[in-house]
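Here come two complexes built around chain A, the first alongside chain B, the second alongside chain C.
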Partner chain A sequence: MNTKVTNKIAIGIIYFISALVILILAALLISILGQGLPHVSWHFLISHSSSFESGGGISDQLFNSFYLLIVSMIISLPIALGSAIYLNEFADPKSEFIAVFRSAIEVLSSLPSVVVGLFGFLLFVLKFHMGFSVLSGAIALTFFNLPLLTRSIENSLAAIPNLQREAGLALGLSKWETTEKVIFPAAVPSIVTGVVLAAGRVFGEAAALLFTSGQSAPQLNWYNWNPLNSNSPLNLMRPAETLAVHIWKVNSEGTMPDAVEVSAGSSAVLIVMVFIFNLSARFFGNMLYKKMTSGTGK
Partner chain B sequence: MARRNKKNSQDPIKESLLRKSISAKKDMFGRSLSLSALILIGVVVFSIFFFVLSRGLMAFTLDGINPFKFIFGTVWNPTTPDSNGNLQFGAFPMIVGSFLVTLLSALVATPFAIATALFMVELQSNWGKKIMHPVVELLVGIPSVVYGFIGLTVVVPLLRKTFGGSGFGILAGTIVLFVMILPTITSLTVDALRNVPNHYRELALAIGATRWQMIYKVILRAATPGILTAVVFGMARAFGEALAVQMVVGNAPIMPNGLLESASTLTSILTQGIGNTSDGSVQNDVLWTLATLLLIMSLFFNLIIRFIGKRTNITQGGH
Partner chain C sequence: MAEKENYLLTTKNVNLFYGKKQALFDINLSFPKNGITALIGPSGSGKTTYLRSLNRMHDLTPGVKVEGKFLFHNNDIYSDNFDLVDLRKRIGMVFQQPTPFPFSVYDNVAFGLRLGKKISKHQLDEDVEKALRQAGVWNEVKDRLGANALGLSGGQQQRVSVARVLATKPDILLLDEPTSALDPISSRVVEDSLLDLKKEYCLIIVTHNMQQAARISQTTAFFNDGRLIEVGKTREIFLNPKEEETQDYVSGKFG
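Let's look at the complex of A and B:
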């Protein structure tokens, strides 16, 4: 066959398949939003869920999702930051010792989230008697989160040109001072982008939370902010079903008469949140970059 | 105190030179702080392996289940004894289920992903960069339960209508996983294609190759390790995916004898069972063994990625 004809056919096939993929992906987004958005109302967002009647909302689940995200970020950020700084600034790249840790992080990132969740269940829920609680869930999320964060922070640090490090050392600063005062601030915009992106991933995680933060959401009392009370939103030891877990549970238990509507609405809210996280990651990164460099953006 | 004063008075200059400066102390502090964070991650990974493995081996050591029978046995009946009064723990149906959905979905997704990536990088790179790339990245971040929910409300009814039966099964799982790993594989393939230096393209076109010849004979071959890594990543994600699959696969722990029959995977039985069994029972122990199998498979995928990652077909201009 003529090479030109082959070329035309092959390129045509590529166009065709890509169009198909675009169609599939568009249909996916449209079906999630189209099914869900009609059910999202102010009432849906601010009322408690109900297990046996229709008309329940997702306020507790939505709050739990954010709360777990924040608690797990508070735990995981310092650890990820520390290890990323060590890996990029202090570690000898040829060291075997460091290679072991690098592969450990890689292995952690590829573990199925259900296994991470089971480990959290075994260690925290059962062995440490923490029960199904926000704290157990946040720690399980941390395991899931750590490799993502560490890698993204390490990449942010690695993107800072070596000239900056040399300049710092030439001024007589120690390595740590250079990192703290020169490298870290310069990397902050892209670190923030990475953190917000990771937050989007963590926000929708369900498998790791099924058996750690639990599948029940006690009705929260929005006027009680004492963290020691069991129905206070801030209590760390209460079970906390998140939005993603809610979608799964509502569908697999089937006691709720309007399960399809509730999960469609919840899915749409989840997608919109992920969308917001993605957009704000770019936005905050750019804003900080402009602010700190008085430049005009990347 | 007195001793130090005495020492100081002996040789103040030597003392001040030998003493660590505040800066050096801070340096030590920062270094050990960040190192301990790194070690903490190592400890976490180690303890995950330790706990899951030790729990997973209990079914063999404490309950005396034959590991060979466990992996190749085809009857899974953990609660009701058979005619001989024995409980049956054969995980082969789940293992087959997991591999089937993983391989099938990767098999279907790969050509789609490669074509889309080629479209985004080689054919319409402006469009690809500005519109497709953000959309694909967004889709990578969609929570897996949402994929499961769409599978439950769109894919399963569609299969029921077209083929009859319940609609739940390997095919539904494959379709859901296909849509789920498609963005993952596409986005990683795009990275692999972008890693092929531009002079490869220029050289191919300069000697008169058509666009397809350039793509097929040069670009795809140079990017093969990267594309393979992308596919294995997608497979690892599919294999470990729990909820999306569990929602559509039907969860019948029997050997899958057709793509439309209800079947099960390692993850689906695991998520379903762990809440319904009590800690320390045989039924619970065997679930941990399933978790161990998942752990080992994920390690295996990791090894493959490493093995491929070391190879490269790209030489960075050897002059």
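Let's look at the complex of A and C:
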């Protein structure tokens, strides 16, 4: 067999495998969206869920998903940023402490999310008496998110050529100034992309939240924005069932007559949201890159 | 020694170690206030290592030990009270690869200026233009100062990198094979810019390209195996070297 034939066969196999992957994904998407979207209506998106009657919506769950995402990002982003910058720019790669640090991050990133959830349940919900709450959930999500986020930011920083660091230092910048004024801005577009993709993952996370932010959603009062009131959307200490948890719950113990439709609709909404996250990751990354590189001076 | 006073930078008995391995042996070399000094020699001869010791770039690499005297305006740049930031502003460096930051051309050149004390927009504009003119790239980029420097050609990028260093008004410009990543035509343009600069600045250039050394430098220093073999007027080094090793290298017998 000559190389031309081998080449053709190899390419054929690769095409076949790629087509298979695309087909499976497309089938999944079409089935979820096909079954779910017909049940998604404006009413479905803006009304409270109901336990025993049909016609309930997912407004609280949808809001909870976003709220948890934002709170957990507020906690995890600064930590991830700090540790990624330390690891990539300042740490001595040969030190043993760093090796331990790195493997800790790796272990943490492969920890099953249900374990993170149970850990959060034992420590925050019970031990620290935080109860099923937004805060417990956000901290559990931080554990789940932190290693992935740190990795992705570290990779973004590592992708900046070393020459840029030398050039910064040769201009008389200190190491921190080089990191802050040259390396970090150059890495921002890819960091933003990584953060938004991580947000998509967190948005769809259920297992880590089952036992931390809880499986019940108090009906939120959209006119009460005092974070200290128990039915205020902003309250950090209230239980907050998210969309992903809602899907799980409706399927396992849903008592409403239209449980199948609610679950299908919620799944479709979840998929669409994650899709939007992915698209906006690309969009914001590109936009920031263009904005940054087109300059501010003139 | 009346001549000594004309030197801007004098290095004496420079020894440099990478861990236990000695890379430079007893280098004595001085550089005048203006003009171009070329450092030539085969790969691994220590010429780049020596160049990087002149603005303390080795400080960044763990395990490098530098010995000897480096007198710049009669102060030792390796002494504890010498401000490193100030040093690198006064002894600027241009690298083998162009190193524009991913900002606009204007921001690249203004970068070093903005680090220091506050300066007015008007002054900044003037300084940026002056630096770009000195680097011989003003006419090509004046209409797209706001465009990303990464979009320029390699030769333009390298001259913008030169302008960025010039903007901070250094006394000495270290150039580490500044044209080796460029095509011959761009190299020529960069060389022309350097020839203009030599009237005002002390340029020290490491080059593999012997024609380049012969074309632009007044003084040439030949390195081999971490030793300074010979230094003299460029004409002398190329046409009438004193050492056999130099003769062999410039005539292409090794290297």
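Rule of thumb we're sticking to: the second predicted complex is superposed on the first by the 271 of 298 C-alpha atoms of A that agree within 3 Å, B and C clash if a C-alpha of one lies under 4 Å from a C-alpha of the other, contacts with A are read in each partner's own complex, and residues count from 1 in each chain.
By our rule, contacts are C-beta pairs under 8 Å (C-beta built on N, C-alpha and C of every residue); 3 or more make two chains touch, one makes a residue touch a chain.
Nothing here was measured: the structure is a model prediction, and the numbers come from that model.
In the three-chain model built by superposing on chain A, chain B and chain C fit together without any clash. Applying the stated contact rule after C-alpha superposition, one finds that A:177 touches each of chain B and chain C.
In the overlay built on the shared chain, the residue A:167 is in contact with chain C alone; chain B does not reach it. Contacts of A:234 after superposition: neither chain B nor chain C is touched.
Using the contact criterion defined above for the overlaid structures, shared-chain residue A:158 touches neither chain B nor chain C, since it reaches no partner.
By the touch criterion defined above, A:92 lies against chain C but remains apart from chain B after alignment on the C-alpha atoms of chain A. Between chain B and chain C, B contacts the larger number of chain A residues. Legend: residue contacts after superposition of the two complexes on their common chain; A:40 is shown touching neither chain B nor chain C. Within the superposed three-chain model, A:186 lies in touch with chain C and out of touch with chain B [touch as defined at top].
With chain A used as the common frame, chain B approaches chain C to a shortest CA-CA distance of 5 Å. 173-174, 177 are the residues of chain A that lie in the contact sets of both chain B and chain C, per the superposition on chain A.
By the touch criterion stated above, chain A contacts chain C in their complex at residues 92, 163-164, 166-174, 177, 181-182, 185-186, 292-298.
For chain C in complex with chain A, the residues that touch the partner chain are 55, 57, 60, 62, 84-89, 92-93, 95, 97, 99, 101-107, 110-112, 115, 124, 128, 145-148, 150, 161, 164-165, 168. Looking at the complex, you find that chain A touches chain B at residues 3-4, 6-7, 10-11, 13-15, 17-18, 20-22, 24-25, 28-29, 31-32, 35, 78-83, 85-87, 89-90, 100-101, 103-108, 110-116, 118-119, 121-123, 126, 143, 146-147, 150, 173-177, 179-180, 197, 200-201, 203-207, 210-211, 215, 244-245, 247-248, 251-252, 260, 263-264, 267, 270-271, 274-275, 277-278. Interface residues of chain B, counted against chain A in their complex, comprise 23-24, 26-27, 29-31, 33-42, 44-48, 51-52, 55, 111-113, 115-116, 118-120, 123, 132, 134-139, 141-146, 148-150, 152-154, 179, 182-183, 186, 210-213, 215-216, 236, 239-243, 246-247, 267, 270-271, 274-275, 279, 288, 291, 294-295, 298-299, 301-302, 305-306.
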